[in-house]
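Each of the two complexes below includes chain A, the first together with chain B, the second together with chain C.
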Partner chain A sequence: MLKKILMAKRDYSGVLSSLLAIFIGLLVGFLAMLVVKPSAALSGLRLLVTGGFFNGLTTFGSVFFYATPIVLCGLGDAFAFKASIFNIGGPGQMHVGALVAVWVTCNIGLGAPLSTIIGLLCGALAGALWALIPALLNAYKRVNIIITTIMMNYIGMYLAVDILKKSNIFDNTKNQSINVPRDLRVARMGLDKLFVGSAIDCGFFIAVIIAIILWFILEKTTFGYEIKAVGKNRDAADYAGIDAKKTIVLSVLISGALIGLGGGFMYLGWAGKYLLGSNTQLSEGFTGIAVTMLANNNPIACIFSGFFLAYLTQSGSYMQAVGFAPEIVKVISAVVIYCSALSRLVSEYLRRKKLDYLGREQKGDLR
Partner chain B sequence: MNAWIRLIGGGILLFFMPLTIGGIADLFAERSGVLCMCVEGIMVGGAFFGVLMIRLFAETMGVWPLLALSIVVSMIAGLVIGLLHGFAAIHLKAEQNISSTAINNFVPALTMLISKSVFGTDNFTYSSNKFIIPKVPVLGDIPVIGPLFFQGAYATTYIGIVLVIILWFILYKTRFGLQLRSTGENPQASDSVGISVYQMRYAAMAIAGAMAGLAGFTYILTTSYVFMGSVYGYGFLALSIVSLGQWKPSGIMLGALLFGAIGVISSTYSVIPVLQNLPIPGVFYSMLPYIITLIVVAVTPNAHNAPAVCGEPYDKSKR
Partner chain C sequence: MENYAIEMLNITKRFPGIVANDNITLQVKYGEIHALLGENGAGKSTLMSVLFGLYKPEEGKILLDGEEVKITNPKKANELGIGMVHQHFMQIKNFTVLENIILGVETTKNGVLQMDEARKKVVKLSEQYGLKIDPDAMVRDITVGQQQRVEILKMLYRDCKILIFDEPTAVLTPQEIDELMVIMRNLKKEGKAIIFITHKLDEIKAVSDKCTVLRLGKCIGTVDTATTTTHQMAEMMVGREVNFHVDKAPQKLGDVILSLRDVKLKSEIADKYVLNGVSFDVHAGEILCIAGVEGNGQSEVVKVISGLLQQESGQILLKGKDISHESRRQRIIDGISYVPEDRHKHGVILDNTLEENLALKKYFLPEYQKNGVINFKARRELADKLIDEFDIRSSEGRSTVTRSMSGGNQQKAIVAREIDAEHDVLVAIQPTRGLDVGAIEGIHANLVAQRDAGKAVLLVSFDLEEVMGVSDRIIVFYEGEVVANVRPEDVTVNELGLYMAGSKKGENLC
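Here is the complex of A and B:
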């Protein structure tokens, strides 16, 4: 079986290491449940796998909604990662993007589809803006982008919460943002007829289209080639005539824009999610890292890995019923990231195995 | 006057200590050649398990045994998490930024999971007042220095100072420290004279993990009364202090002093009349430590003093 996969023309080692990461992630999640509450661990695991259909299609439809922001966030992270830039500023970029998107949509007053579209675009712009300082610092001064993006996360969180509280989209009594008017939310295009009562809207399909565009940019255009060249070796790319600084800044800006857009979709949707008036970071921004790690930075694969993690998140929201915190899903996705860090080891092993098989076959020929 | 010295000076000391310990932790890791961006995650782990002990055994144990237990537990927790990163970084040759990020996400989620299962909420309170030493005899009577250092300080502060001195001695004055630093400069050369690079790096990560765990515990014990699954980016502040301090303990302590002052301004601006009267919105002060960190990492010159191979997995066959 392993031999057949390894000897296939296409390289499946990435898929194999991702599946391994998922397996180990679920295993650790199960072990954590065993430690916390042994009696309910099995039913917890069952719920984790089947929870996406807890209420049939209603729940499953909502998975599409939850997948939209984290797929977009994963796409953003993947895009920067192709240039070897580790943008972990997801929470901050998403927070700022979400705030701007909701504020513009509610205040611009251009009627149904136009307000929302402009709002989402402004959210993307804000996300890009929030990634600008880390991008410039990394491109021109090689400052470690992990530190700068984390700092921007905290600054963004404090700023967004403060501005939200002073704005006209804040509901003082509930300490959260107001209800976005129904006609200004992201269009549903009749999908709610199919998934009755769910939070589905057309956001997921826009994310899919964006994923395809990103794949095209990365694989079929000069810009994409430049990004990958910079990612492989920044100095060599610079020497070969690619403007590495510009490429890095652009890739991080696009990354921030996608993440900001994800924030917009999350709070202009139908699931009743509100921007909170308390100082909490948007954890979806970190889930995006797991999405791109699981997808091996491939934009198309991000759709599936994002959907998978959204499915787990949806399942996680029912875990309270059997006595587990929804954080179990965050544990799993962190383990997935940890395993992805080891993917070099897995692909190395598979490569050696493949050479082994190749060598054996050649010997057979000689006989 | 004494009250002001205690408020400002004592406050600076509160932030200074965890940042110094966290910085020294990162220094050990980076000097041995392991990039440790996960100080934040380890600090959360140490903080959680430390204050968990305080919360669980507050009634049944005496004050000082309880403190000793919490410190040991927080250091063990930090050590385990540090070795988790070390295992990925050293043995499995992982991308160290990624495994650090995994740790930074994993630990807070785990603490939330446990806290929700044990207490039913995602935060829990603890009391830390009893660990304050009201006044050290003799030393506490010295003017200025007395109220600054020897009145109403937490016991953890003194433990931290002693540990920092010991660690400085280990890193710079012992054979082990020299060998450890050599693996961060030229591991192939170290290997050729019989030093085990892997062993040195594991030792460094164990020390770094234990110290970062203690740093987290110190931070959360002295600056807060409620644990909410985070140390609010102070692990990253410690990282930036290491590069600001040019990978030297004295530089790290100076940097920690600067950030300690900023931490005090950020957390007490509402009781300092001068700051309160300025036309600056309060949110600015909350953001201040993070803004200053950004500025600091932006203006820190490229370090010629940084360990040469930090972040590169050791490859025996390379030269």
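Here is the complex of A and C:
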């Protein structure tokens, strides 16, 4: 059976491993619930699976809203991963992007929808700029980008909070950003008629279009070929005359732009999310890593894995209904995310298994 | 009834589509060096993988000291006293020699390392077998030859009785090869059974007692090396008569294509010049060979020409145009083709498909892309053309993942790509390293064909036989300088050796 799937013309090992990770994640989550409150475990599990429809289409529509920023973050991380760059600067890039997007939208005064579009683009630009410094340091000085992006997360957060407090989009009494005027929020294109009362807007569909564009770039263009060449073997890329430094900087800039754009969508939407005046990192920026890992860095798969994780988060918010403390939700989603990271290992195992079936000799394995 | 140390009897291992080992029998005695000879893909690696428990054979059995054993994994093989000296060493660079040797089998007492005991054993072993080594040196500081000794000591430390050497000479200089031969004879004298995998017939002749030849998964036969000539063995290996001599038409010398003028490059580690004022010309229609002991600036000069390294001073001229400060990409477009030294590091992207690798130098040209979108049809056609023309063999044609191909075919792919690219000069460094006789013949023929087509060919080789056989003219590098400029018919191998050792300097150096 396994052999049949692995030997199929198309490579399914990535999908298989992701599904396995999700299954293990849910299983461990269930066990955790059994330990905490055995009597409610079954209904807890049911809620976890069906919670995305807790209030019918209203809830389900909001899943689309919550999926948008993490899908975009996942896409950003996936793009950088293709060049073998681990961009974990998501929270910082997102924070800066969100602040700039909201500020520009509220202040530029061009009316809807132009203000919003320009605001979102500026948010993307800000995210890209925030990624630029680590990108340059890595490409030209080979400074470890994991460390620089983490540091930029803190700098971005403090800076964004500080600027927010001094700006005209800050509501002092609530210690958060102001309500974005309704006509300046992301367009809903009638989707709110279908998903009545939900936070859905057109953001998710823009993310889907971006995913398809990224897939096209990576698979069909010379730029994608160069990014993957640099990611797989930088020396060989140099040898082939590819400008590896430029390629790395560009891929990280695009990564930062996507994450910044995700921040814009999150705070220009209809869910009543506000930039806070307290020093808090935007955890959605990290969720992007889980999204891309679960998707094996495939942009199209990022849509599904991002949607899945958003669905889980949404279900999770209703878990208190059956008597689980809010924290159990975090445990469950953490396990799923953890397993999604492990799915890398599983897919590597499956790949080797496939090579075994093909009977290929790998000299390096002779030990 | 003879007492064999290890017997692999009638081993058959099938993979979907191919029989990798077809009824192969290999018997090795203690105190014997048994060579295993075969082209890339003949089934040597599979056979050794079976011996190591990595593959389970469909038929046949393995006897150790006359008793049947089931080897299920490499750890079991080690426990049974079977050890392997790999081509690519498994060592931790910033551990000492001693630490590397005991890694995994440390002697401890209440959780505390007992290094003194280990040191005694290592010193004793190295004296017993003539393996000179400083146990406290860092592995990153010692030469490749010494690293190999560490590998051998590792096996001895684990009390291995059966040692497998997987192409051990591929990475060594001529002097180091001689030293290795002495070590192998010592091991033999001490009663070890040795399986020696190699392509190099001279070495088989020099050191081994028996030789088993594989071809296309079949056992062609086992011969006594003392009574068999290298020609006979080569014929057994490739199944036809082998041409050691490179056939060349008379030379038609053209204009100067590539010139170096007083090129200097500082060493990255030491305060000296690795290239100390190098000047030479390469003409159209000639194969210029750079000879010399490895590490005298050959790698660097090639990198400077191709644009991977930037020289400190001096000029590089291509058809009279100064390209000293041009980018790597521009030099490719200008017409410099380059077969790199390390095919895994520079030559190919192992996880890409053969097609993607064959397009590495051309993907940006207008025929292969339009506004940045790849023209897959043209790329496929290019790949199929080169695969066909250069006889590149792989399991799934152009969509084969390059990592799964044999070294010889990876090299063929690189040579194919470089020859196919528009070029005036072909630079090749060690293009035949680690390849079997058949593949070497093919690559030599390619080089000569390039010369006959009026291209300039610059060949760097550490193999004197190759230097003498292929070149039209030879320059010798010593300590980053050109110390000789001769024609192969005017010089003997011994003389070249003197130049290479720096004890003689020639005239007309430029």
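Assume the second predicted complex is superposed on the first by the 311 of 367 C-alpha atoms of A that agree within 3 Å, B and C clash if a C-alpha of one lies under 4 Å from a C-alpha of the other, contacts with A are read in each partner's own complex, and residues count from 1 in each chain.
The working rule: contacts are C-beta pairs under 8 Å (C-beta built on N, C-alpha and C of every residue); 3 or more make two chains touch, one makes a residue touch a chain.
Quantities reported herein were computed from a predicted structural model and do not represent experimental measurements.
K.L.:
Looking at the overlay, does A:349 come into contact with chain B only (first), chain C only (second), both, or neither?
P.N.:
Neither partner.
K.L.:
Going by the contact rule set out at the top, does A:289 touch chain B (first), chain C (second), both, or neither?
P.N.:
first
K.L.:
According to the contact criterion defined above, which of chain B and chain C contacts more residues of chain A?
P.N.:
B
K.L.:
After lining up the shared chain so the two structures overlap, which partner does A:23 touch, if you call chain B first and chain C second: first, second, both or neither?
P.N.:
In the superposition, A:23 contacts neither chain B nor chain C.
K.L.:
Determine, under the contact definition given at the top, whether A:241 touches first (chain B), second (chain C), both, or neither.
P.N.:
Second partner only.
K.L.:
Contact-wise, after the overlay, does A:229 reach chain B, chain C, both or neither (first, second, both, neither)?
P.N.:
Second partner only, chain C.
K.L.:
Shared contact residues on chain A for chain B and chain C?
P.N.:
none
K.L.:
Give every residue of chain C touching chain A within the complex, in rising order.
P.N.:
Where chain C meets chain A, its residues are 15-18, 20, 45-46, 48-49, 52, 54, 74, 84, 86-88, 90, 166, 306-308, 327-332, 338, 340, 345-352, 356, 360-361, 363-364, 369, 372-374, 376, 395, 403-404, 407.
K.L.:
Looking at the complex, which residues from chain A come into contact with chain C?
P.N.:
Counting only chain A, the residues touching chain C are 220-223, 225, 228-229, 232-233, 235-243, 355, 357-367.
K.L.:
Residue numbers of chain A touching chain B in their complex, please.
P.N.:
Counting only chain A, the residues touching chain B are 32, 36-37, 86, 88, 133, 137, 141-144, 146-148, 150-155, 158-159, 161-162, 279, 286, 289-290, 293, 323-325, 327-328, 330-331, 333-335, 337-338, 340-342, 344-345.
K.L.:
Please name which positions on chain B make contact with chain A in the complex.
P.N.:
That would be residues 37, 40, 88, 92-103, 105-106, 108-110, 112-114, 116-117, 122, 232-233, 236, 239-240, 281, 283, 286-287, 290-291, 293-294, 297-298, 302 of chain B.
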